[in-house]
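Lettered A, B and C in written order, each chain numbered from 1.
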Amino acid sequence: MRAFNSLADFSDDEISTLLELASRLDRKPEPQALSGKVLALLFLNPSLRTLASFQAAMLRLGGGSFVISPDMSIHGLETRPGIVMDGAAAEHIAEAVPVIASYGDAIGIRAFAERRSLDADLADIEFMSMIRLIETPYINMESAINHPCQNLADWKTLDDLGVPANSGKFVLSWAYHPMALPLAVPASTLYMAARRGMDVTVLRPEGFALPESVMQSAREAAGASGGSVRETEDRGDAMQGANIIYAKSWSSTVHYGNKLKDHELRRGLEDWCIDEPWFDTAAKDCRFMHCLPVRRGVVVTERILDGPRSVVIHEARNRMLAQMAVLHQMLGPES
Amino acid sequence: MRAFNSLADFSDDEISTLLELASRLDRKPEPQALSGKVLALLFLNPSLRTLASFQAAMLRLGGGSFVISPDMSIHGLETRPGIVMDGAAAEHIAEAVPVIASYGDAIGIRAFAERRSLDADLADIEFMSMIRLIETPYINMESAINHPCQNLADWKTLDDLGVPANSGKFVLSWAYHPMALPLAVPASTLYMAARRGMDVTVLRPEGFALPESVMQSAREAAGASGGSVRETEDRGDAMQGANIIYAKSWSSTVHYGNKLKDHELRRGLEDWCIDEPWFDTAAKDCRFMHCLPVRRGVVVTERILDGPRSVVIHEARNRMLAQMAVLHQMLGPES
Amino acid sequence: MRAFNSLADFSDDEISTLLELASRLDRKPEPQALSGKVLALLFLNPSLRTLASFQAAMLRLGGGSFVISPDMSIHGLETRPGIVMDGAAAEHIAEAVPVIASYGDAIGIRAFAERRSLDADLADIEFMSMIRLIETPYINMESAINHPCQNLADWKTLDDLGVPANSGKFVLSWAYHPMALPLAVPASTLYMAARRGMDVTVLRPEGFALPESVMQSAREAAGASGGSVRETEDRGDAMQGANIIYAKSWSSTVHYGNKLKDHELRRGLEDWCIDEPWFDTAAKDCRFMHCLPVRRGVVVTERILDGPRSVVIHEARNRMLAQMAVLHQMLGPES
């Protein structure tokens, strides 16, 4: 495996193999598998779970990692192409990325959406421009539009919970948040659930529909897997018989990148805070999923988050196991 | 071992075993003992020794660790219970702690006193509320009232120096410092010295007596171990025949949490800076101990700190060895 | 090996051995060589390459490292001797350095020039005062005047490129930069090239001559190795037949430590930005070297940096290999 960028790059068999490997490495540790191997971790944005779980994943396999973030360099890293660097930044990503990659057997990169242009973010311009600088195997640790480690971990969580692939009902619900957040998680989660063969409903208020290209990819994946994809603003309808509600806030796509207009649009949507009444029409054991971090009392109520429906900690732990599987395939004895 | 929170939780035999193991691991390294094992390190407060010595301890045993501090998450971590998170913090400790713990075979947590309420800090409310969120074995890396790794390291230092357990004279002295500092080190150091069977004198100015419950625990420990505990403001009396002076500044307990009143109380106490004349009535080879960091020329003079009485670097190195023993028992082959 | 501070401390044979070892460890990994060994890394200044490459180097040899920088301690580290610490800093380097060193089998220290006094910086006063506090084997990770890891990596790069030792022409060129930068890289690079036996030209504008003692050491090294050292402001003359141009900005030595006067002196020197016309009289395959970080469009043009002349990424990767050789000799099985 030379790249782990999107579930769309892998066959069903390859995904199954990764999921089985993740479970096997949990049951049966391999503390020598990546002996002497190094993972470079480049964070252009803050992180807690990804930072911790990748370091832990390498250690459990007998390897190690190092972390670089822009504040470790002198006055940060310049990302703009073709610039005369007479300002604050003393180093350009054009050197930093290949140098950091050259110290690792693989590199993980996190670079959130810049949210200047929806088309640029959907094409993952910034992340792909960094990838073109290197030949080292790489892992997407969340880019403008992808978060494959989260997707693989969530797929494993659905398997662990025994949620059926075909016929399972998965609701991806927009939730209120004071800020406009990126599309990487909702877009790639939608794809994952559709790809798994589930009946997926995107539940979101007006103005927060996902981009048509994102919906289209998911529909195609569902077509191939025997699942389905639809969208609605009707909460009761969406939640009918649901096995899973996966909550996430995201920015408006009609006013993408416009903080002011996005803010106007989300004003009055504070009741999009997942709470027990949402589950009235759901399956009895319907679970609550979220990639974290989550704002308590804003995105979801405390009683849901601290109650039996929530599987968020289980999900977060699966991040480590999913990444161990990816690293094992990328750097391990049979790689 | 499921928890390392206070020496009070361990029998004399268990403490002896840890001390012997610490020495053995110094003489005879075990670079494979914790192969593939991961220690999660969560620092809610700054650190230098603890940060370095825990990482080094895991590495020497063939394992590894990762470090999380609040500034690594998006806009910090919220700690208040029951809050609607519509402010800056994007993540709550209620998720962060169990998630981080789930990536480790054990977790070390540092959370200093909030100094809002003396009773709350004596009960270690904040630290214990985090511990209740997890099932992972844990290590207290300094809480509001405990610092067991420092205590075990200091006990080892006393052994290394050949200071007799029974009949050894140990002075825990308050020292001047421009700021009101927590009680964790003085309270737990007092307990350690009493538990070791030493004749302990707490030397402090008026207004800086340790809380009665802290004194009472120490008296009980001394009662069982054959030691003794007393307190005084009389420097010459306290230092009479002393083998050890252990210096530490701490906040006033009569104006606990009140910076202004504490400041008034400590004004004029600048001569509580340990210097050679303090040792006039002490045993000839009386040593100076301090947990570090220490303010030169404020808490202690340079000639003491750089002279033959000081064992502070030896003490600091014992932090690593003590923690190796704890980690070996918690995660090692026989754990 | 107890210290890696300057190439001047090593015989030709010892340098050859290090270079061969660096290449061998690249071809034939030794993932168990430093099992259970710990490198302490103390950064008093920012770093990217050094930070990443030392961590990667230890991991590839089966050991590990921990990183300490002043912002991890409470309110930073005090460095001034004999001070009464009643200000912000809560810890002095006099404790911090020996404590950190005591947790490692070796320690790497970075401490840039203070640029208060040229004589003090040429004598490496600050770095040497820290070294005197410890007995642990140490590595200079860039001090006021030395950067031996860069030098060894650059020597290896010259070997890798097949640039002849004797008769090879090496131009060390000053370049424009908005700020006054330290002398460590130009001074130690000059020595390295002279020591390797090359014909070295220092190309710099008026006011930016390197200190006489630096030139003198280089001349002596060239005398012994069969190389030569000269200086000029004439670009065409300097570049005549050159195999390598090594660009670096440095502060004026006539107004050392005086930012204002240095600034006046460098004003109008913006055309000292290495570009293709510089190579008109050079050898056809003349290469561009730089230690990084480099300011694009200021120190060197994009077309050089992104073109076939540039070997800066190769150089940076050699940092890791050179340091693996040093660590292997310092801490390895035969050490």
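The rule we apply is simple: a contact is a pair of C-beta atoms (placed from the backbone, for glycine too) under 8 Å apart; a residue touches a chain by one contact, two chains touch by 3 or more.
Quantities reported herein were computed from a predicted structural model and do not represent experimental measurements.
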- prompt: In graph terms, nodes being chains and edges touches, is this line, ring, star, complete or other?
  reply: complete
Field: Interface sides of chain B and chain C: same vs different residues, half threshold
entry: different
Field: Between chain B and chain C, centroid-to-centroid distance (C-alpha), Å
entry: 40
- prompt: Out of chain A, which residues touch more than one other chain, so two or more?
  reply: 64
- request: Report the residues of chain C in contact with chain B in the complex, numbered from low to high.
  value: 35-38, 40, 63-66, 68, 72-74, 78, 82-86, 90-92, 94-96, 98-100, 102-104
Field: For the chain A and chain B complex, residues of the former touching the latter
entry: 29-32, 46-49, 51-53, 55-56, 59-62, 64, 178, 292-298, 302, 305-306, 312-313, 316-317, 320
